[in-house]
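Common to both upcoming complexes is chain A, partnered first by chain B, then by chain C.
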Partner chain A sequence: MADKPIEGEKKAFMTGNEVVAWAALAAGAEIMYGYPITPQNEIMHYWTRLAPKFNRKFLQTEDELSAGFTTIGGVLAGKRAFTATAGPGNTLMQEPMSMAEMMRLPTVVVIQQRGGPSTATVIYSQQEVTMTTYGGNGEGLRIVYSTSNHQELFDYTIKAFNTAWKYRFPTFILGDGYQAKMRESLTIYDPEVRGIEMVPTTPYVLRPGQIGVNREPNHLRNTYNTEEELYEVLQKHISAYNEVAPEIVEYQEFGTEDAEIVVVSHGVVFRSCKGAVQELREEGLRVGYFRPITLRPFPGEQLRKVAERARMLLIVESAYGQLAKLVKDAIFGCSVRIEGLFKPGVGITSEEVVTKVKELL
Partner chain B sequence: MSNHELPRMPKSWRLESKPHKFCPGCGHGLVLKALGMAIDELGIQDRVVFGCDIGCSLLAWDFFNVDTIQTHHGRTTPVVTGVKRANPEAIVIAYMGDGGGYAIGSQHLVNAAARNELITAILVNNTNYGMTGGQMAPTTLPGQKTETTPYGRDVKEAGYPTQGPEMVAAIAREGAYVARGTIANLKQLTRFIKKALQNQMEGRGFSFVEVLSACPTNWRTNAKDTWEFVEKEMTKYFKVGEIKVPAAEGGETDE
Partner chain C sequence: MSNTAVRSKVVKIALAGEGGQGVQSVAEILAEAANDEGREALYIPNFGVEQRGGVSVAYLQIADKPIAAPKFQTADIVVALSDRAIFRTKQYVGPETLFVYDSSIQGVSEEDLPRNARKILAIPALETANSELHPRVFNIIIMGAVIKATGVVSMEGAKKAIEKKLGYKFEQNPALRELNFKALEKGAELVEKLL
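Let's look at the complex of A and B:
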């Protein structure tokens, strides 16, 4: 049996789904639970081919409810466990992830967004932002990384396991069908050679020892009898989340010091926006970009500073205003003008962004 | 346990949570007594992971001094499956009601049985949704009055009671253990549960025990009528005994 999935560093040219499988292996993920849904299937395909070589496990479940709840079981057993889904599967996944949120379980879920609502398309969208950040009957106490290319897909899949186990909030990688299916070059690596230390895992059940002698039984709850009891638990969770949020928040910005228009986007759409902004800058136009990498927690303070300087924010997304809601919530009270280029379930090119910006300037 | 001994609590019970939280006359306490005895006899308290479904089953969450997980309604089977797959040393128990197992979580029960998961599911059949106030369950008897069948369960509208162990036995393969016990025969029930757990421990296959239980609160029955319902009415539809045993094991029925 091979020792490490990746020795040192390697140049690779592969699809995003393959990248996720390699990243999970490299991160030391021990078990994947999954249910087929396009466009994330090849994560399972690569995982099931690679996992046995490195003594990792896989269980194909009967649906995404089961995939989510078995992932919770794996985490409770103290393993780096993960699952992957999309679209209607993500809808079902919200039930188990609300349990993970209430019990602060370090689950890792990879979402490859597809068209919605309903079955819609198997292709692509950014329409799972609201659901992934604030889904379930909860308060959005989760961490959501929105990646924009294959290198990030690799880097942040590894990071997701560490973020989850360090902070103990359910953690999501929010990709999409384009990232899932397209081939791109990147460097895959053993986290150790980059100085990335994997956060150790610990079991919630069957801790070492003997009950009544040197250990207490663990009674893990998600149900409470009174409003006060629930309130107390949630206050703790919310303040813990708010406390660590500044350490978790990640974003990128460019040209925002003097920009009249700041283009706000995330995920794969950010690539079009970045290209557009570079092109417009070359033409001497005062345009910048702001890109949240974490959609939860959202880099609200950072964006507010940008919004207070700019004349206008142009929000660009393959959804009808889901990122826009996060933005408006974050900068509430700011008088900046807000415009949108919203194409739900459809890809957006640099040219479209350039044209839109020129219309608005 | 001999009938002449004074009543005693299983060692694996949690004293601090007694007296328990169930209604007077509820069958859960008896099922959990049988389970406690089985855990004690097998000496597995330190290896058990006990998952509680939502509904009255949830009130068992602090019943034992064993690692316990409150799950979601119907989702106990996948949670303990996830634990078992990640840690094969664990002895996992999914504890649920008829609604959790046969309605909202039926896909999990069916597929866990089909995969021959090395888990033990214990399902308490009291012919109604107790916690939510006595609605019709998959196991409600024909003609039985509940909050959602106030004129009695009409089989033309609402179908016949689910025969869970028979369904599971039809799906499960060699190595599975399937039985239906009753709170009216605790010695037998303890044997069934013990055999179910042994089946898991020896890696033979899925194990499932349904238990005929009582809900006098929602049935609105006195002690005499409660026992009559459990022993005479329920057994007309739900036959007590072992329904599937691994070839190596000898079976037993109630007759």
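Let's look at the complex of A and C:
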């Protein structure tokens, strides 16, 4: 049996789904639970091909509800566990992930967004933003990384396991069908050679010792009898979340000091916006970009500073205003003009962004 | 097209055909070849719910710097290998686009072809495959044509990438290697005559 999935680091050229499987292996994920749905199927395919070589496990469940709950089971047993899904599968996944939120369990879920609502297309969208950030019957106490290229898909999949186990909130990688299926180059690596230490995992159940003798009982609850009891627990969770949020928040910005228009986008659409902004800057136009990497927690303070200086924000997304909602909520009260380029379920090219910005300038 | 002209910008390629004509393999091999030559490549297939049939489109971009969006509005070269593929890919044609289609496609009139292309080439790839080589290397002829028209990778690089992808088949039947390489050269010739 091979020792490490990746020795040192090496250049690779592969699909995003393959990238996720390699990243999870490199991160020391011990088990994947899953149910097939396009466009994430190949994460499972590659995982099942690679996992046995490194003594890792896989369980195919009967649906995504079960895949989510078994992932919770794996985590309760102290395993670095994950699952992956998309679209209607993500809808079902909200039930178990609400439980993970209630119990503050470090589940890791990779989402490859497809067109919606319902079955819609198996291809691509950014329409699972609202669901992934605030889905379920809870308060969105989750961490959501939105990646834009294969290198980030690799880096943040590894990081997701550490964020989850460090802060104990359900953590999501929000990719999409384009990232899932396209091939491009990246460097894959053993986290150790980059100085990344994997946060150790610990079991929630079957802990050593005896209750009442040498350890406290371990209350694992998602059910409460009184309003006050629930309220008290949620207050703790919410303040814990708010306290760590500033450490978790990640974003990128460019040209925002003097920009008249700041283009706001996330995920794969950010690539088009970045390209467009660079082109417009070369023409001498005062345009910048702001890109949240974490959609939860959202870099609201940072965006507010940008919004206070700019004349206009142009929000670009392959959804009908799901990112826009997060933006408006974050900068409420700011008088900046907000425009949108919303194309639900459809890709957006740099050319379209350039055209839109020029219309607005 | 000179080599420097090619390398100063992203080359955008759209390949479309019927499922089974092998356009995805062509795009994948070209992407691998470009990557192996140290260039940036991004390849994405289109995919729908159908398991077979339907028009298959491959989007490929090759450049010297990281590539922005995975899909694009206007291609530098569009290759369409069936009537439906022509209708489907017309939208990617602009004033700078070279539009290539197979001359054996039936039922396509002058009006069906894009009117705004820089140049339109009809190449007898299918006929050449059937009469001179073998139907199975039809897509490799197309690959040769794309390489000649764009210069995105070297012929040597393409051969290495074909070897990487199909080497296991060549080991069992070395004549296949010869056949594939010949198809690649033939495709380049077909385009060279017309450019």
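Note that the second predicted complex is superposed on the first by the 352 of 361 C-alpha atoms of A that agree within 3 Å, B and C clash if a C-alpha of one lies under 4 Å from a C-alpha of the other, contacts with A are read in each partner's own complex, and residues count from 1 in each chain.
Just so we're on the same page, a residue touches a chain if its C-beta (ideal position, glycine included) is under 8 Å from a C-beta of that chain, and two chains touch if they have at least 3 such contacts.
Source: prediction; values computed, not measured.
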Combined model on chain A: chain C and chain B, fit or clash: fit
Which superposed partner A:Phe172 touches (first chain B, second chain C, both, neither): neither
Touching partner for A:Phe154 - first (chain B), second (chain C), both, neither: neither
Touched partner set for A:Ser350, first chain B, second chain C, both or neither: second
First (chain B), second (chain C), both or neither touched by A:Tyr289: neither
First (chain B), second (chain C), both or neither touched by A:Met182: second
Touched partner set for A:Tyr145, first chain B, second chain C, both or neither: neither
Per-residue contact with chain A, leading partner among chain C and chain B: B
Where chain B and chain C come nearest after superposition, their Cα distance in Å: 25
Set of chain A residues, in rising order, touched by both chain B and chain C: none
Interfacial residue positions of chain A with respect to chain B in the complex: 30-31, 33, 57, 59, 61-63, 65-66, 68-79, 81, 95-96, 99, 203-206, 209-212, 217-223
List of chain C residues in touch with chain A within their complex: 28, 31-32, 35, 40-49, 66-74
Interface residues, chain B side, partner chain A - complex: 14, 45-47, 49, 54, 58, 61-62, 64-72, 75, 78-87, 89-90, 107-108, 110-111
Residue ranges of chain A in contact with chain C within the complex: 13, 38-39, 121-123, 149, 178, 181-185, 268-269, 271-272, 274-276, 347-352
